[in-house]
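What follows is a pair of complexes built around chain A, which joins chain B in one and chain C in the other.
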Partner chain A sequence: MKRRNTAAAAVIACLLMMTGCWDRKEVKDLAIVTASGLDLNKDGTLTQSVQIVIPTPMQSSGSSSDAKSFFVIAAEGKTLADSRQRLQEKIHLKLYYSHRRVIIIGERMARHGLESVFDSFHREMDMRMRNMVFVAKGAAAESLLNYPVALEAIPADQFKNLHKQPAGRATTIMNFDATAATEGIEPTMGAFEVIQKQASGPSASSTGAEPHIKLYGVGVFKELKLLGFFNDEETRAMNWATKNMAGSFLTVYVPQGNGNVSVQILKSKHGFHPLVKGNRITMGVSVQSECELIENGTKLDFSEPANVKLLNALLSSQLTQSIAATVKKSQRLYKADVFGFGRSVHAAYPSEWKRLSAAWANVYPEVEVTVRAKTSVIGTGYVKLPLHRKETKGDVE
Partner chain B sequence: MRFRKHLFHGMVSGPDPDVTGIPLEPNISKNERMLKSVFEACSDVVIHSASTPGQIDMLAIYIAGLPDTKHLDELIFNQFASRSRDLDKPDGMERAVQASFIPVSMTKKVAFLSEAVDSILRGDVVFLFDGVDYGHAVSVQGTERRAIEEPASEPVIRGPREGFVECLQINTGLLRVRLRSASLKIETLSIGTLSQTEIAIAYIKDIAKDELLHDVRHRLRRIRIDGVLESGYIEELITDTPYSPFPQIQNTERPDVVIGSLLEGKVAVITDGSPIALVLPMTFWTGLQASEDYYERSITATPIRWLRILFTSVSLFLPSLYVSLVSYDHPALPTSLLLSIASSQRMSPFPAIIETLLMEITFEALREAGLRLPKGVGSAVTIVGGIVIGQAAVQAGFISAPVVIVVATTGIASFIIPRYNFGLAFRLLRFPLLLLAGFMGFFGLMIGIIGILIHLASLRSFGTPYLYPLAPLSMDGLKDVFIRKAWFGMNLRPRTAAEQNGLRIPPGQRPDSGDRGD
Partner chain C sequence: MKTEKLTQWQFVIMISISVLGTEIFNIAAFPAQFAGQDAWISVLIAPITSFWCIAVCTALARRYPDMTIIEYSRSILGSWVSTLVEAYYLCFLFVYATVISKALADLIAMISHQLTPHAIILLMLLAVCGTAAWCGIGVIGRCGEIIFPIMIVIATMILLISIRDWNVTYLQPVAEKGLPSILRGASVPSGWLGETVLIAFLIPFLNQPGQARKASYYSTLIITVFMLKTVLICTLAEGPLVTKFPFPYAALIRYISLGDMLERLDPVFFPIWVSVGFIKLATFLFVACLCVSRISRVKNQRTITLPVVLLVFAGTTGIMKDAPGMDAILQFYVYTFPVASFVAANAIPTVLLVVDWTYSRRRALHEA
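Right, the complex of A and B next:
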């Protein structure tokens, strides 16, 4: 019995050992891809480009920040898989996609439609659905990947971090997919543009003249095709109606004080209030926010309730206008329900929605939208007037 | 086979001349001859012949160096001489002996040769008088003993500084001082045909379970061995699963730990000649408890316990986790960490598993070298080892830096385990896990972890499941596992103790509970 146990243990040990390290892959044998770009060529083939990070030593030996911390290779192919195979032919290390975090799609490909691309995304084994997906406005995706970035260990992170701002929209493949598949809402995708900065002015150094990447609102999609863009102002307005904007700023010109006032948003609430009466659909968009005065460029004293009231009115009307304009643009120009009005109708009128859902694309532009934005400045600070003015004027009152 | 058995039997019975059953004679010269033949060629046995003032021949037999000779001279010979003027009378000597010897802590009548020999070997002085067929064994033990010191293997910041020494009597005394109760029972038996080592079983009556006591006595009596030099001999001879890396008998140098365990219904086995007491049964969790947990306030002792559990798992898993992450399961690493590992691994010639194995083995070797060498040389080893491992290997590109970090963290983590022999188990198990991780990544690591868990769950220590009170689960027992409940909450003894005495600390003693009567 004892002998048999020993034999069994030996056999098991051998079995474990004999598998060897057949799928062992050391980190040093990997080319770590952090971003890819997809572009459609004029002949119908596509180009896939990948950004590969060069692992830098842990201690920064000297200030060799001139050296790029990454490089980009690109290959053409008939399909994504085909281009992937051709990419691998260009590099001796195994291309490793599991740590990819950003996929950038060129404008031409986005306008052409993303069905085939997404099909591949769904099938690829090392695809992470939490990858961010962005569209490159007026540029090839490959060119976006090539721009260097300082202060970022992983260069691809700049795309994600830029779009975390109030004027951006960081969309994962998963979210984009889910939104595209949902009735009554159309997906958007964060967009980037390349700024060709003119070397002018006193600081016309070499860095200033270089083109760089800038956040450019979102791309509006319908049926996985890019229709157009919202610029950053419009994107911010869209976000006001659909997201919590705490932390962002609003600036308004106050004619009575002949200057600008900025407030920081402390809290914001948003809501859609659909009303379906036969074929007439009205949509109330309400935005409420509480904010705090952080910059006063006027001569007004905001410890006076009247002035605060004035400021509230100005802020609210400005916000209302910008949201209404953006809604209008989505209705008239794109006919794409990026706000998700349809979804809120669906939630409020489930039975009506059965009738409306099929033709929603046609109904949407006809929806009467009323925007009601209400801001209330709840904090004006204890400094009534800018400090330096106090000294010259003496008495503030 | 038969022959070998026989051989074993002959060995354990010992080569001593069989003197059992021979009574002492009234004739002193006969006795002297018998003793001389027993102690033939034992130059350290002193047979001192003298005569009393009443002209009766007497013998004092002892082993040089064991009795305190100064004591012997002053107390015995002087007193004996002064009080035994009328030794011609038949009962005179009896009275004289009693009068003079009783102050000397311990005297015993010896009637048989074997008894006399035993007493002599134990360090007593045996007095024989002509015309009397018995002798007196007087204990004036005075060998040089190590003083009671702070135990080196279990130092505490807060807590008693006394540790066991090599003398059994002092050790049992240290226990009795802490538990002045007749319920503290100390049974002795001697083990070792040649060494005749005294072993004491200490327990508290009605708190220790009877079955446990029977079991301990039975297992101890079964031992046949020529000599016991350390309690480790006993441990290996009575433990349940000797080939498990996990110790199933706790050992300690601290009397307070022993008493604490006795109060929980455990049994201690103390071996003469060893400062290490055995405490049983032991569970997995006692391996992670330090005596100080019970002396510091529970609110601070509890997180320290968590820290210990955390780092115990680090010491077991970290190297294998590293290897599986680097060689197989890269998706589980954060990208920036992957990049820095990649950059430092680029230069190293070995795969991660070889690197880690090399470094782990080197580290273990260094540790062992530092431990065994004389103190002066030991520090040199650490310095050289530290430079070789820490810097040169990385700078030369033999080894990548993360491996050094992993090995160093593992090393520090393994030092956090308060019981040294318990830590040894984790030191050992690290290597099979490392190999499994090297061959199969996370999958292999899981196989290893499950294997260890199965083993732990199947272990028993004197009838107590090793993972008790977690498996089998006892909610009440958990008050002293992941947390250390404050003393006013430790109301019941663990279920390993006898049931009739379950209540330990009556409830309702929380100082801020409001019934203080003020």
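Right, the complex of A and C next:
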């Protein structure tokens, strides 16, 4: 009996030591992909490019060499999986996609439609729904991945961080698909452009001179096809109407003071107020925000309530105009409901929506949108008046 | 054979886990297929069948203490009619054990062991669960006591981490599709809640059978809260995509991230759900063995554990070979499952109770 127990214990001990190592993959056998780019070729095939990090030991920042921290390889294929297989033929390490953060889609691919390529991102185990998707305006995704990046250990992070600003939109695949699958709203995707500007001056070789990536705004999609873009101003206006903004700046020209004033948004609230009467649909868009004066380029003294009132009115009307212009662009030019007006009609009038939903794409351009933006300046920063100015009363006018 | 008794707490955990084990991963998909964004209302309606089942089964257990449903069906209906009932429960338990092991093996294969042959995963799964079933109810109860608190902690963590991905507009408008589709949506979760009929087999193993009703109601409450939580966070985070994933909760766990620092949390969170699934399978195997032993009047339940486990293994590898992968199980859940559970959990016990009640009334009148 005792012998049998000992034998059993030995067998179990051996088995325990054998666990876990069967299908192991060491880090040195993996090529870690941080970003992918998708481009459509003229013959209908697609090119997938992957950005692979070169693992390097941490260096002190002083000795920044020209060595890139990543490289890009690309391969063509009929489907994404096909191109992945061809990519694998170009590198001896196993391409490892689980740590990918960003997917960039070339403009031609986006205009052609994403239906066929997105399927692969949902099915496979090493694909993550949290990957961010962006579109490259007027450029191939592969070229976007190739531009050097300063001050960033993981090159793909720049795309994500750029679009976390108020003028950007960081969309995960999950968000994009959920929005596309929802009735009464069309998805948008953050967009990048390439600046080719040549720097004039002595430091021609610095990073400013080379072509580099800049946030452009968002791409407007309808039925998973790219229709066009909103630039950064329009994207900001769209974000005002659809989400809570904070940290953004607003600048307005004040004619009475003959100069510009900038304010910083502290917090904002937004709301849609749909009204359906028969075939007439009106949509009230309300935006309320509180802001703080951060730059005063005028002669006015904003400790005077009358001047603050004046500024509030100017800011509100400028905001109203920019939101209204963006809404108009989405209605006239793209006929795509990127604001989600249809969804708010759906939520408020579920019975009417049954009638409207099928033809919403045609109804949307006819929706009468009234924008009411209200900003109130609640603080003037650390000073009352510009410090260098002599204090005189009656500066108004 | 003298077996260990369960404490009330172990009983509550065991019943809750027996329902939640496989349910939790795909619960969100089914009600949403019919009720859309109102899946959470369906989930609140579903426990009605479970409460009904518990009321009836505990009433029967009070009339026939120390007996399982197999034995009192014999004394109520007589051995001939009872054969049908026994056969039904035998099939019910066998099919459910098969589906559970198939679902678990698929899940393990999908999330971590893509290259391992299914048969090997299944074999190891059934070896562990079969051992637990062989060791008896006390072992399963104690395992549950360890795993259940971890499960609650993990579920709460997932809830908290997912908060930043919630979008409340995905729940609007409320009650859009009307009552019929909400009720249709409630059918699949009610099928899972019908698995509480296990209490009809397990009450004799409780150390205080008088408390069975209260304990079972508590389990139903736990199950409902868990289901509600899961359906709500899946709908809030995934919106209309909920119906498109076979495992919406697994998709959510893969999606969540903690402040962009901690992503890909699934290797931490999945194992606990798999181990919950183990306990569920072990419970079902135990009850299946119990059922077989009571039907065939075998005194020692352990003698038939191995044949039952082998049968389940053969069934799992055999049954779903024609229809590949998850599709067969999804079909089963939507069409067969609610009806089969309703018959086992509500129809048969109610008939037994009504027949027994009429006979005892008549007998009482006769004697008076």
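Keep this in mind: the second predicted complex is superposed on the first by the 355 of 397 C-alpha atoms of A that agree within 3 Å, B and C clash if a C-alpha of one lies under 4 Å from a C-alpha of the other, contacts with A are read in each partner's own complex, and residues count from 1 in each chain.
We take it that a contact is a pair of C-beta atoms (placed from the backbone, for glycine too) under 8 Å apart; a residue touches a chain by one contact, two chains touch by 3 or more.
Computed from a predicted structure; not experimentally measured.
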| item | value |
| --- | --- |
| Clash-or-fit label for the pair chain B, chain C on chain A | fit |
| Partner chain in contact with A:Arg130 - chain B first, chain C second, else both or neither | second |
| Which of chain B and chain C A:Ala81 touches, first, second, both or neither | neither |
| First, second, both or neither for A:Ala9, with chain B first and chain C second | neither |
| First (chain B), second (chain C), both or neither touched by A:Arg343 | second |
| Touched partner set for A:Ser98, first chain B, second chain C, both or neither | both |
| Chain C versus chain B, contacts on chain A by residue | B |
| Which of chain B and chain C A:Ala313 touches, first, second, both or neither | neither |
| Vertex chain A; arms to chain B and chain C (CA centroids, nearest 10 degrees) | 50 |
| Superposition-derived minimum Cα distance between chain C and chain B (Å) | 5 |
| Set intersection of chain A contacts, chain C complex versus chain B complex | 23, 98-99 |
| Chain C - residues contacting chain A, complex | 110-111, 114-115, 165, 167, 169-170, 172-173, 176, 237-241, 244, 251, 254-255, 257, 263-264 |
| Partner chain C, residues of chain A touching it in the complex | 23, 98-99, 122, 125, 128-130, 172, 174, 177-178, 181-182, 340, 343, 346-348, 350 |
| Chain B-touching residues of chain A, taken from the complex the two chains share | 16-17, 19-21, 23-28, 30, 32, 34, 53, 55-58, 96, 98-99, 101, 126, 153-154 |
| Contact footprint of chain A on chain B as seen in their complex | 326-328, 330-331, 335-336, 338-346, 348, 351-353, 401, 436, 438-441, 444, 447 |
